[in-house]
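Quick heads-up: structures coming right below.
Each of the next two complexes has subunit A plus one other chain: subunit B in the first, subunit C in the second.
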Partner chain A sequence: MTEDQRYDVVVVGAGVNGALVAKCLTGRKLRVLLLEAGPAAAWTFDGYVKRLDDFYGVYAKGPEAPWPAAVGAPQPDTHDVRTGGGYFVQKGPHKYASSYTRYAGGSTLHWLGVALRMLPEDFSLHSRYGRGRDWPLGYADLEPYYRKAERELGVAADVADQAHLGVEFAPGYDYPMRRIPPSYSDQMLAATVDGMRLSLGSEEFALKIRSYPAARNGIPRGDFVPDGAVDERTDGQALGRDIGQRCQGNTACTPICPVQAKYNALKTLAKADHRYLHLVTQAVASRINVDPASGAVQSVEYKRYTEADSPRHTVHRATGRVYVLAAHAVENAKLMLASGLGNRSGELGRNLMDHPCLYAWGLMPSPAGAYRGPLSTAGLDDLRGGAFRARHAAFRFDIGNDGWHSTTGAPDSTVADAVYTRNLFGKQLRRHLGSNLSRQIRFSLAVEQLPSADNRVTVDPQYLDPLGNPRPVLSYRIEEYTLDGMAAAAEVARKVFERAGITDCTNPDEGTWFPSVEHGDEVFHYHGMGHFAGTHVMGDSPETSVTDPDQRSWEHRNLYVLGSGSFPTMGTSNPTLTMAALTLRTADRLVAELAS
Partner chain B sequence: MSTGVVSTARLKALLQAGVELELSTIPPYLCALYSLRPMTNAEASLVIRSVVVEEMLHMVLAANVLNAIGGEPHVADGHAPRYPHELPTGVVLHLLPFSREAVDTFLKVENPAHPHRALEADHPLLAGRNHQRHRARCLDVDEGFHPASIGDFYHEVIRELEAAAADIGERTLFCGDPTRQVTRDYYYAAGGRSILVGDLDSARAALNEIVEQGEGDMGAMFDDDGDLAHYYRFQQLRDGRSYRRSDDAGAPTGPPVEVDYDAVYPMIANPRSEEYRVPGLQAAAAGANRTWSELLLQLDAAFNGRPAALLPAVHSMFKLRDQSLVLLANPMPDHPGRNAGPTFEWDPSARAELGMRL
Partner chain C sequence: MSSERTERFFDLSALLTGFDRAQLLGTGVADQYRRTLEQVVCDEVLDDLLRAYERLPAGERREAAVRSEILDHADRGPVARNLIMLWYSGTWRPLPDDWRKAHGTSPLDTDRVVSGEAYVAGLQWVAAGAHPMAARPGGFGSWALPPERIDA
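So, the complex of A and B:
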């Protein structure tokens, strides 16, 4: 085993949380070792373009297509959900249908870029509605860090659109960039849907098609300078940085923005002070060693591989004053469980959540310009909050600009249907495709899920990866609260379609395969949103939580565990902005502690 | 007695010539860029792209200075460049596919210290009937002024600005409407930022930016950020070898730079749409010229009080690329071994149609 020199902080994971903490700490001249399990393929523009070329070349353009796993750092793959194979060991009863990416940059390499704040009521779900848990923090505690996170990630939005459902902004504040212009279909939908009234139980709601905040480059406000592509070449030949300073509407945000106009964590990492940062990629943290008497972490062991296609590796040990796990909700929990860390509350690995998501798709009454613009620019989020949350889950709709691509594999499947089923050719075929493709519209119905002790990550010595590290064993059930939310969401989608004159074509049997769950007479086909959360929940007491409100382990005081795994509940916002805000808050505390 | 009227008239003519000069360098770079076959010549593509966006910035900066003194920068109609095109340096710009010849020309364009040499007496441009329309306007602003280089041209503009400010006062000289300036809201990603011009200092800054970006300090290969100057990046393409930091200019010793001159669509030199005999090529060329003309009209609008016209201009750029690729990918039946290409000709009918929408 090779001993590394001692650092101020050893950080595990170079995704958004690891990058943010590395940038904050090195900015204060603290020496950081950053261990990343995966490769650093996108660290230079050349490297990124190679990933892009590979993506163009493959037929199946799933979220993982440009980001194949290294043997030493396997990752879940959405195709595996169907086959039951792959990295996750799924114990059921339902399939956990999301994936993540083990690369420097993490899953921000293929996220959509939605950067919503959580609602104030999301932080106190239990005291307000008797459901889930309360956070040990409130919206007001995080608000300043939301502002910081919006600047770090480069979020484009207008406060005028976002100040609703109790979300308040500091006086005079607006987002660093103006909102991304609404797509043509957003505008068409707004013309018919805005002002539509509907009720959930006894509550009345008025709907509005609303742009949502996106970590995607638009027109800057004030002195903000949008970050273009990452190009960390040191030979004076970096030319990629000029690219991607504005979104070009390539409609390929996931799995890979061709120009990096969308935020990825490497943009943050590139701005860390490299004099104090030691980034080691292809280095898989495999064990946390603890002093049995004090509980203090003494070192992190990691396995380093040089070839992405081979399990051959060497073992190293890194030491620091403080240790930070920022490896992903599942990987953090897995590493802590595999290292036998303290688990007084019994909550470690439990409360695994996602936003199980249904699709609704149809044809707009007239051409709506599908397949243009970012994958999604607006949504319906009026039903993210309300008293109905005492009874069933809240939900949020994304409105797609990519036709039926995600639901049926269009446009290819639309062409195949026209040729093989409808026997169209020549002018008729062109007319059919011209009319059909541009009218395609898709809603994603993302539904809230509550923390549950039975939904969990565990490790089992009989399931190991090629490096001998444990594979995550998942138990996952979608409970009544969420199923009732799915039913309500599907009903609202039907009403909105009707109001907008959309011909409902939702038919999971003809769509792309997704796992299903039964609810009474109904069968819901759902997919994951990649919103893993809840595996190392934060709280006010070591009896009921894994970390304190600063994401500091109750039982190992020089260990911080970052990310959406700390979330007690997740509401309906995608977790990235909130975990970035939490990380920036923790980084402030770390700097204060280490400076003293 | 003040000579203000006279001196700003010449200044405006000089700056308008500057706008056209920068515009004229763009199509040759675009031809080389679009002629690269997809997924090949990654390095050449990056270098050419980075230069062409700088030329666009230079055009915006020259337009901002002209607007600042109450002028009206124009790029459409008779201001659109024609190829071959003679620059003040004596360099003649051709529309060429990516090739050794094109790289040699770019090296001359990127080196404004390139000494002026009059065209040889037998140069075909001189024999043509319309030589006047194929040369940079800055050669003809007035009879007594013959800039020896592009840097020389802009230094003359700066001297003239200083003289005019001393003559009629800086306030009077910079009488332009500030809302006509193109700001970074609409101009971005060009290895530099748009500079708002409202006085002598900002005008100097804008024009010096043009000269420095083009010219660089020919002594220093790497700039303050540690980036290699464009001139040397073209040298790397020419020599097929990259520079190390310790290398002397002209003698790169780093790893090889891969350049594949065969992975290029073999476009004919200086194509003209009237040469296209096949209906398909005629239609494609007409479409590309229409888009080019729309783009110029959008730029013209952006320089004349509607900077937001740069937003749809981005779409026009993509459209122009796609239409150019259609031409580039198609052989010309009457020129064996050669393909068609974008002709960058002004389409007079574009104004009537787009004018309504702009």
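So, the complex of A and C:
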């Protein structure tokens, strides 16, 4: 075993949380060792573009396509959900349908970029609606950090669009960039849907197609300078400010933005002070050693591999004053469980959540310009909050700009249908495709899920990866509350389609395969949103939670555990902005503690 | 492929896709598609398909003949449909089992993207009035404009 020099802080994971904490700490001249399990293939601009070229040539263009796993750092793949193989060991009863990426940059390399704040009511779900848990902090505690996170990630939106459902902004504040222009289909939908009224139980709602805040470069406000593409060279770090300063409309946010106009965590890492940062990639944290008497973490062991296609590795030990786990909701819990860390509350690894998501798809009444622009520029989010949450889950619709790509594998599947089934050819074929493809529209119906003790990550010595580290064993059930929310969401989608004159073509039997769950007479086919959460829940008491409100382990006081794993509940917003805000808040406390 | 055979390949491709020869050449991947066909489909069937194209009548009867002599023909139809799929999406799809029984199976007869260039060059993006996902973007804000008129 090789002993590393002692650092101020050892951080595990170079995704968005690890990068943010590394940037904050190195900015205060604190020495940081950042261990990343995966490769750094996208760290130079050429390296990134090579990923893009590889993506063009692969048949299955899923979210992981440009980011294949290294042998030493395996990762879940959405294709494995169907086969049952792969990295996750799925114990059921339902399939957990999401994936993540173990690379420097993490899953922000292929996220969509939507950066909604959580609603104030999301933080007190239990006291307001008798469901789930309350957070140990509220919207007002996090608001200043939302602002900081929106600047760090570079979020484009207009406060005028976003100030609803109780979401309040500091006086005079607006986002660092103006909102991304809504797509033509968003505008068509707004013309018919805005003002539409519908009721859930006894509550009445008015719907509005609303622009999404997105960590996607657009037109800056004031002195804000968008961060472009990353190009890290041996002769010094660089952020290509002239590349990727504006979204070009590549319609490929997931799985790879060709110009890096969409935020990825490498941008934050590039801005860390490299004099104080030691980034080691292909270094898989495998054990946390603690002092049995005090509970203090003494070191992190990691396995370093040099070849992405081989399990050969060497073992090292890193020491610091403070340790930060920022490896992902699943990986954090897995590493803590595998290391036998304290679990007084019994909550470690439990409360695993996602936003299980249904698709609805159809044809707009006239050409709508599908397959152009960011994958989504607007959504319907009026049903994210309300008294109905005492009865069933809240939900939110993404409106897609990518036709039926996600739902059926179009445009290829549309061409195949025209050629092999309809037997069309020549001008007639071309006209059919022209009319059909441009009118394709997709809604993603993302549904809230509550924390549940039975939904959990565990480890089992019989399931190990090629380096001998445990594979995550998942137990997961989609409960009644969420299923009732799915039923309500599907009904609302049907009504919106009708109002907008959309021909409903939703037919999961003819679409891409997704796992299914039964609810009465209905069968819902759902996919994951990649929104893993809940596995190291924060709270007010060591009896009921894994970390305190600062994401600091109750039982290991020099250990911080960052990310959406800390979320007590997750409402309906994409977790990245909220976890970035939480991480920036924790970083402030870390700086204060280490400076003293 | 002889130059004459190449000529027929382009003529047949134009007829089947609804794009003219200049547009097909402009994709830059015509040679890749021709080679793909030659690798998977034996000369006998390919020549028979091209000869059937040459024998098509002109005028009103032409469209019906495309169906009866090419698309609905047991040997030629599956190859012609795969040729359309190639041009539109840059992907090859496995030929039907009956066809394979009659003409043999190639190890290359699998679901695959012919090449990264072929993905980007797919005519489906042109037909949609769009651009390949992750390539040839329209520029900031282009998606807010009404779609261009889609001509065929």
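We adopt the following convention: the second predicted complex is superposed on the first by the 588 of 596 C-alpha atoms of A that agree within 3 Å, B and C clash if a C-alpha of one lies under 4 Å from a C-alpha of the other, contacts with A are read in each partner's own complex, and residues count from 1 in each chain.
By definition in this document, a contact is a pair of C-beta atoms (placed from the backbone, for glycine too) under 8 Å apart; a residue touches a chain by one contact, two chains touch by 3 or more.
Remember, it's a predicted structure, so these values are computed and weren't measured experimentally.
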Contacts of A:Gly228 with subunit B and subunit C, given as first, second, both or neither: first
The answer to whether subunit B or subunit C touches more of subunit A is C
After lining up the shared chain so the two structures overlap, which partner does A:Thr251 touch, if you call subunit B first and subunit C second: first, second, both or neither? second
Is A:Ala416 touching anything from subunit B or subunit C once the two structures are fitted on A? First, second, both or neither. second
In the overlaid three-chain picture, which partner chain does A:Phe45 touch, first (subunit B) or second (subunit C), both, or neither? first
In the superposed arrangement, which partner chain does A:Asp53 touch: subunit B (first), subunit C (second), both, or neither? both
Taking the superposition as given, does A:Ala238 touch the first partner, subunit B, the second, subunit C, both, or neither? first
Go through the superposed model and pick first if A:Arg431 touches only subunit B, second if only subunit C, both, or neither. second
Between subunit B (first) and subunit C (second), which does A:Gly511 come into contact with in this model arrangement: first, second, both, or neither? neither
After lining up the shared chain so the two structures overlap, which partner does A:Pro374 touch, if you call subunit B first and subunit C second: first, second, both or neither? second
Per the definitions at the top, what is the overlap between the subunit A residues touching subunit B and those touching subunit C? 53, 56, 246, 248
Tell me, which parts of subunit A touch subunit C in their complex? 52-59, 61, 181-184, 187, 218, 246-252, 256, 258, 367-374, 377, 401-403, 405, 411-412, 414-416, 419-420, 423, 425-431, 433-435, 437-438
Under the definition above, what is the set of subunit B residues touching subunit A in their complex? 39, 42, 46-47, 49-50, 53, 184-186, 188-191, 222, 226-228, 233, 242-245, 254, 314, 318
Parts of subunit A lying in touch with subunit B, wherever the complex brings them together: 45-46, 49, 53, 56, 219-220, 226, 228, 234-240, 242-246, 248
Can you check the complex and tell me which residues of subunit C touch subunit A? 15-19, 63, 66-67, 71-72, 80-81, 84-85, 88-89, 91, 93, 111-113, 115-117, 119-120, 122, 124-125, 127-131, 133-135, 137-147, 150-152
